[in-house]
């Protein structure tokens, strides 16, 4: 470990010196390189698309704050394959010398990226992957997250469930890190308030045959069900929940991803589902209204949370560059600038914790006519506990 | 002459000297060095698969199981914060993987053809879910290796694994040794029996050979080498993830091996180079790289009857 | 497990199994008659689902959309067989594997280009949106029962076609002896085109009828492909009856394992397949 | 052939009440035969008489439904197929069964190597030990294929391929040769070559010959067994069998391959 650190420090020092001298020569006209490492094919492709759209939109809107610096995008498809993550990250770092690397969606890919990018001369901004570890034990000065930690959106739901007088709850998710961490967040708050988790169902990832599990839930007949599913799995789950007649009999609660970017596919089955998330379509603030309007105009579809998170990654870059007057050659200063920004995001004000995870409001939403309507703010300016982070 | 096929000899004489000099040209760009390293590691893996599929006629869709095991065995047996000896652990990993292969081979080699494809897949999927579901080894998100082994042998440390160029040469050496080893094996008496079994298993049984034992030996050997490749891959970035064991990894390896020229052994290097090269350049060109990749694969199947190696052989023999 | 829950799970298992059968039947038919290992079979399932979505958007009618999708799938089958598969009859299985993997890439890319990557959904047709109560809480949607019955009907039609019609006779003859069919003066390449197109259509039809009860997403084909191969191999490659038994077995084992053995449920169908192949190395009903 | 030799030579291979059923179908029913050393034992019968089934049982390819096979006093019907060959029971096949892409020498070398050992030597070249190739060459020489030594098996003539197959069996240094229609599909001259070859070989080995070419069988056999419908009809010297009225009836009754 000692050796490793020493090596890393030397490498870091070496590259910093190299870039400094290069930067000095190149003057500020050189474009800022933004590496994009998102899935553009495979099961998470929709999330990757949305994140990239948001990112590009933000940097386009805020082009005026970049002090004349151009942005050059280098886009790489991760295919959501963790085993390829280190290689692609290394490509963006060592081949393209990207100043910022935005990615990924998938937590496994995030792990592979962090392994390569931690403490390197680039800034990694995670626009989705919520693995607690990324801003927990693995946190690093150059790793930021504009999305959430798995804990964040589901923790407040525990109190919401208690307030609704649910005592006996079944939790359910895919059996992978993100799923487990999300359920743990809910459990922590729910149990602390005296609630009881009567069954936890872990579905093999990425299986989407939910019928047998739902039949079982029907026979248990709990007060409510809390789930974490996203993307295609969320569509299938919500449809099955409705088709098997559970909807309307057992309230369905979820981490907000259950109804993000999926409501049009879910159709009427999604109506009335209550979820907690750090964003809602109907958030009534100026930034959000403008954001949604522009997004609709540029890409011809409704924005979702993934687009917002990408957008905020762009915002964060723009803010920091602006603050430094366009000169981002000093990494320490850049990190300092990023840490101290407060973003005026479509989701409200966002600032960053010591561990570089967003401090943000968590909203309770309900699906009404295919849109996530805010009904409450169960946790304002919620900060992730960042367990294990030494920053 | 060990490399008795003319095309292969040319290839070996062109590829290895070039590969040996490559880092000199790429000094500024460590990424290309790492990329080539990855390519060579995967070539070792594909070569071991090529031996099984092309030389032994044992088609498996579960070879990635050993690739992943190479990494996971290290995670399981090596202390987390202490540098271990590379060679000793290479030995451990190969032996453990061979033992696993012996047991699994004992079961799967009773079947053949598509049934063997599927039963190997079944075992690989079981292992995949074992590591993906279990919380002890990082689950679906994978696990980090914090300390890389040191490579001292008799007090002499040849490679510093933290140095990408050193690691590159270690992998190049491994690749050459693997090719050399498979050449020895295919030329040996054991290889004669394996060739016979591949060509005509019934006849070989009638001559008094217990073909099951020979197949089991070949399977075990190739699996241990597959695990070695996985071990190297794990060491390169210090990251192990269950997706190494996924059937898609076996699938791409099979594709590369067929593309390179099944059964030619050295074709594995060609297959990985061409596939990864195409992938790399296409994904830099367009977001819809899959479309072009797919179309090129289809074209190549139709045009090259025996893969790239077969095509090269045809070209060179024509003169 | 209570009796009523057992009963519900039984229906769940059977319904899942029947759908699997529908997808797998085309795969086993094509392998049995032509000896072609079509890894792109799952992509056809995906294409079916996307086509269903597209034509529901265009026409507003699910039935109409199903018919159009089936016809398009048939055409895709004919074109693919004529332009690509036909070149590979004299090659080994490995070349077929490579070709069909190339096809998976192409179909996935086309899906992304034509229809984007967002998850899509098709609503259950109004006529079948009702549900039958099974227990106090759980009810069973009519559409899913209809799908199960449809799968049974398709199985029956296939059985009839293979055992009673002239095409079926040729198919059976083609399975056992290619030369004999040629000697009878039958154009075997035409027969192959028809069989391949039917195989593609079966997969696409499965995608169409599964569309209202699942999510239409990129990569849905690969997931189903593995399950399909498990089914077909358990039953014995090329045997339609085997595919049916295999599908029901997989459906039931998967359903009950997820409730009774949750720790092993991810591995259960593979354990089942390995177990069956160790006892019967050629599957249950190999010819 | 001298009848005394037959009487003196010892029984090498023996079947006792051998039966093979395929489902309800009796492919072979209660066959008890004795095969002697240095004797050529012909087996004839109409199509479907069970000759090939018998050979497949004798070489271990099939397992008998009931009955026993005894080799040099030991029952061997329970051992693995490959072990039959190790006990010295070698066979040739009805359909040419060689390694078409290897040279003739290599074909025989595989056979020799089985008993020479070294099959688990992974590293040493297969060409390193010359003794092995010498023995393989001898086997080729015996069947008259020396000149074809280095040719790829697929490229030699059909008749030569049949000879090669016999050479491969010889190379395993067997004590019993089970030959399944070695002359099938051959022209007259080629057949003649094989007949000459078998005449020589039967001085050294016990040979069981299944053959449709009656001229050849009558010419070669020391003893002849006639089978009909999976059952044993008669066994004896060529002359006795030839005059047996039941044999004529069996063949004439079948209206098939009349002799």
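In order of appearance the chains are A, B, C and D, and numbering begins at 1 in each one.
Keep in mind that, in the parts below, a residue touches a chain if its C-beta (ideal position, glycine included) is under 8 Å from a C-beta of that chain, and two chains touch if they have at least 3 such contacts.
The model shown is predicted, which means the values in this text are computed figures rather than measured ones.
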A student comparing A-C to A-B should find more C-beta pairs in contact for A-C
Cα centre of chain A to Cα centre of chain B, whole Å, reads 36
Averaging C-alpha coordinates per chain, one finds the centres of chain B and chain C separated by a number of Å equal to 33
Cα centre of chain C to Cα centre of chain D, whole Å, reads 49
Going by residue number, chain D touches two or more other chains at none
Among chain C residues, those touching two or more other chains are 108-109, 112, 266
Contacts with two or more other chains occur in chain B at residues 129, 132-133, 248, 290
One finds touching chains in the pairs A-B, A-C, B-C, B-D
Within their complex, chain B touches chain D through residues 184-185, 187-193, 195-196, 199-200, 202-211, 214, 217, 221
Within their complex, chain A touches chain C through residues 40-43, 45-46, 48-49, 175, 201-204, 206-209, 211-216, 218-219, 221, 231-236, 239-240, 243-246, 249-250, 261-262, 264-268, 301
Chain A residues touching chain B in their complex are 1, 3-4, 7, 40-41, 75-77, 81-83, 85-87, 90-91, 93-95, 107-108, 110-112, 115-116, 131, 133, 175-177, 180, 202, 204-205
Counting only contacts in the complex, chain D reaches chain B at residues 59, 61, 80-86, 90-91, 93, 97-102, 106, 109-111, 113-115, 118-127, 168, 172
Residue set of chain B touching chain C in the complex reads 53, 59, 107, 110-115, 118-119, 121-123, 125-126, 129-130, 132-133, 247-248, 251, 254-255, 258-259, 262, 288, 290-291, 293-298, 300-302, 305
